[in-house]
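The data blocks that follow each hold one structure.
Next come two complexes, and both contain chain A; in the first it sits with chain B, in the second with chain C.
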Partner chain A sequence: MASYDDILERLFVHLRPLARPGVELDGDTDLVRTLGLDSTTLVDIILDVEDEFDVSVPLNALSDVQTAGELATLIRGLTEEQ
Partner chain B sequence: MDIVSNPSNHDLPHRLADFATLSEALDYAATGATGFDFYDSKGRLKEAMPYSELRRRARSVARKLLGAGLSRGDRIAAVAETDPEFAVLFFACQYAGLVPVALPISLNLGGHAAYVEQLRRLLVGSRPALALAPTELMPFLEEAAEGLPGLAPRSFGDLEASPEADVEPRATEPEEVAYLQFTSGSTRFPRGVVITESMVMSNLRGIVRQGLAVRRGDRCVSWLPFYHDMGLVGCLLGPVVSQLTVDYLRTRDFAVRPVQWLKLISRNRGTIAFGPPIAYQLCDQRLRADDIAELDLSSWRIAGVGAEMIRLAPLERFANSLKSARFDPRAFLPCYGLAESSLAVAFSPVDGGVLAERVDADALSDEGVAVPAGPDAREVREVVNCGQVLPEHEVVIRDEAGASLGYRRTGRVMVRGPSVMSGYFDDPESTKEVLAEDGWLETGDLGYLTEEGLFVTGRSKDLIIINGRNIWPQDLEYLAEQQQQVRIGDASAFGVSDPDGMENAVLVVQCRISEVAERAQLVSQIQSSIYASFGVHCLVDLVPPRTLPKTSSGKLSRDAARRGFLERVVWDEPLAVAKVAGKA
Partner chain C sequence: MSLLDRLRTLSQDREALLHGESDPFGVPVEEVYSATEARIGGRTVVLAGTNNYLGLTFDPGCIQAAHDALAASGTGTTGSRMANGSYASHLELERELAEFYGCRSAIVFSAGYLANLGMISALVGPGDVALIDADCHASIYDGCRLSGADILRFRHNDPESLDKRLGRLGEQTARTLIIVEGLYSMLGDRARLEEIVELKRRHGCFLMVDEAHSLGVLGENGRGLAEETGTAADVDFIVGTFSKSLGGVGGFSVSDRPELELVRYSSRPYIFTASPAPSVVASTREALSILRSRPELRERLWDNARRLYGKLEELGYRLGPDVSPVVAARLDTPDQALALWRGLIDEGVYVNVMLPPATPAGQSLVRCSVSAAHTPEQIDRICEAFAALREQASSEAGLSRHRVPRAPEA
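Entry: the complex of A and B
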């Protein structure tokens, strides 16, 4: 079972290419405001996450996700359900 | 146990939409072997529901609805996930004389509150007697319905588990309302298109006979949402009235893995599949070489393209990428329509592919005349032919003053015929704006006619269309005005094409703030509230007060604001960077 920190680290691998140079990623990083995730890049991230963690991310859950940490918590919950 | 998919064929006499009502059409389809198949995100069959089963469940739910004390003509709002339950509910309403209203699913990152607000406006706008949702979306619907008198949302499962009333349901009659269709118009002031049984049946006849020339053995594959006219009328009702089997993929699953759509067509020998241009573009962007090797698209005879203005290049790229998968570009079928005319207005010819003509762009924009581009044309524009108007329907082009224009002159596209709505629900004022006493409907689109058909060149309304999604400038301006630092009337929104030809949403906002960090903060606040509501990035341009031009009547002119912006913008400079905040 992957821990929250594990999942967050693995998420950063996918998120880092979106960050401006010099921007440090942490759990509080705002996916829209700081990383500028739009609907296309969001889909890329979902695809990466689903493939990497073998989960299916429901849309309704994403509507309460604002930060990288919240996304990690969501994925952790999804992996536990399986 | 393995689920067995519905066959493409049945042994009934093939009837093409010659029914008086939708319930009569389902009664007939239910005597054959075809039906709906629902697939999961990995392309595995989740549920196969033959039309006989759809009919049985719909008639049972009709009795349950009547048992819940509903009266004839009551509206039933339902969050329209691509599930068997929504199809059952839709037809249950047909059997019970009730009016279904499909509610959208529009969930963006951090968009919880915005979605609840959208649902609430639709509930207020349609005044349903009952509101339903799949279990996983119930929390949103419950929140949206809070405080609305007499409205206690229920899940589909809860409704199906309730007792049947001991009454014989009386189906919706030809002149009664078949459904309300909320247009993809402004989210703040949604308008419900009222469509009767005879209107939708006349449109469906045109679609399956002239538009698609449906044949026995055709099979549809669709990911289009049931809360859009193309998904509901085209891909849910169309197959029922012509006894075709459909393979459904959820919209969300298509968005993440668009190639699944092509895989289903290939695997199930699909023949008819529709999408907006962006669907073909997404597939092309995501295709990998091993996908292409796996696909055989030779069965696909109608690749419908509609819902927004059609450009040639993305379709050509799609066809080129999939040549070795035996995709036939003649399958492309551009069409034109709108929810206010049930769905379809015009189709280009079957097997014709994309028929476009090259016109002189200067003559088109300066004089409103579409003349074939000569060798000395400074700029050429390719305009796609959307084909001939459906039987019993008429299209004319009018100028600003309302006078009819001849061939090759651009103006407002007007439609008249038996598929045109009776009006917007509960909204005589908006109805009057678009629908004249003599039956002519103002479509809001611009175009011209030739002997070959209808050519759509743009929108007369200020609509912004990004990734196939309609966004009304008023909605973006409103979100900007919600910020403390912005006064009402200080924001103007419009769409512009960037150098790559991609449409961008732009907001020009007048503000007095000079401090750099505060300005950046304001831009970021506006951008994230727009993102939460619409899932798009908006370029926000802060300008000094009194920069925005006004019209003679004192209103802000979006057109003039747009021209001013285009003079200021340097595409590789700060604004474009602001657009993709975070990317260097």
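Entry: the complex of A and C
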């Protein structure tokens, strides 16, 4: 079982290309306000994230996700369920 | 932030996109002359963005049928079928749809959008899974949201991506509905239905196919992709619309499953909407009859599609992967797409512009749809307009940013 920190680091690989130069990513990084992701971009990233972690992320669950850390927590929870 | 700030933000986004120039969304069509011509901005244009695939909106038989129904049954039903009852023509249309598809039964909705909302929200619910192609139409997404089911997506037209997600579901596949479209409306590509059906069988789930853009377009009898690919027996529910090939408004589902009849009692978009007006039902029935009896319309449609696709490809426009009546040119930026769209209007051709976030993978599209009613000369006129803009774009001389697109890559 991957730790929260491991999951977060692997998420950053997907999120970093979307961040403006100089923006440091951490668990509190707001996916919409800081990274400027719109809902369509976010759900497209989820397809990559699902493949990365071999887990399915329901779109419904994303409505509670605002930060990279919350996404990591969601993925950890879903991998535990599997 | 106050309640209406969300809408005011849209206004700023709109201004940033349009730079004060004409708005391509909701263009005033001053007069419609025929299935393929209208007056826009005071001039006659060729309509090449209306999804009027069989060109039946001005068919004399359809118009007469609507007139007769209007005189006989009035302007509207003023309520839902659950409350106000079903007119004989609603039941006849459902019988004719079921017979056309060779299915046990059909159910008619008041719009294509409502057909997806109504079917999906009745078929799946909390604890179930809706597993949809990433490029599915907004009505499918909205139906899934209304249902309360878990919404999972697989990569567009990628059976391997679908297989992975089905594999993860385990026994929950018995409570899973896969949803795909016969012909995808943005790029005109078809679902890989044979492979999807194979996965559906192997994993023991259900399958719904939205044939909105493929009814009257694909298949020996015009039933759509399921007919063309010989997979109809494995498709549990087909959904479609009256607003494209049938030239009306409304939607439907057909199925061999007896449970379809029960959808009427659990589908809020069916129960709480006024039923289709008698004139609309009448013209739709006539259009369905024409679709069945005049296969030459489909042949003409495909001749036109091949002609347009071939010519635009030859001009170097980047198009969707399949030849189809939906022919979309892919541009690099929204500005380029808007400039091409405006240039086409100036050349006397009306098409659609499609921009992110409504488009797959953030693409900017200038989308044409051809009709059986287009003459070869009209198709040539559309091609000439694209050619004129292609040449101007290549020259890059004395042309403003918003008037002319950058040359599409070959």
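In this text, the second predicted complex is superposed on the first by the 82 of 82 C-alpha atoms of A that agree within 3 Å, B and C clash if a C-alpha of one lies under 4 Å from a C-alpha of the other, contacts with A are read in each partner's own complex, and residues count from 1 in each chain.
Keep this in mind: contacts are C-beta pairs under 8 Å (C-beta built on N, C-alpha and C of every residue); 3 or more make two chains touch, one makes a residue touch a chain.
Treat the numbers as computed from the prediction; the structure is a model and nothing was measured.
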Chain B versus chain C as contact partner of A:65, first or second or both or neither: first
Touching partner for A:55 - first (chain B), second (chain C), both, neither: second
First (chain B), second (chain C), both or neither touched by A:18: first
Greater chain A contact set [chain C / chain B]: B
First, second, both or neither for A:2, with chain B first and chain C second: neither
First (chain B), second (chain C), both or neither touched by A:38: both
Which of chain B and chain C A:47 touches, first, second, both or neither: both
Interface residues of chain A shared between complexes with chain B and chain C: 38-40, 43, 46-47, 50, 56, 58-60
Complex contact set, residues of chain A against chain C: 38-41, 43-44, 46-47, 50-51, 54-60, 82
Interface residues, chain B side, partner chain A - complex: 41, 105, 107-112, 115, 136-137, 139-140, 252, 255-257, 467, 524, 527-528, 531-532, 535-537, 580-584
Chain A contact footprint on chain C (complex, rising order): 134, 144-145, 150-155, 161, 164-165, 168-169, 356-357, 361-362
Chain B partner contacts - residues on chain A that touch it in the complex: 18-21, 23, 30-40, 42-43, 46-47, 50, 56, 58-60, 62-66
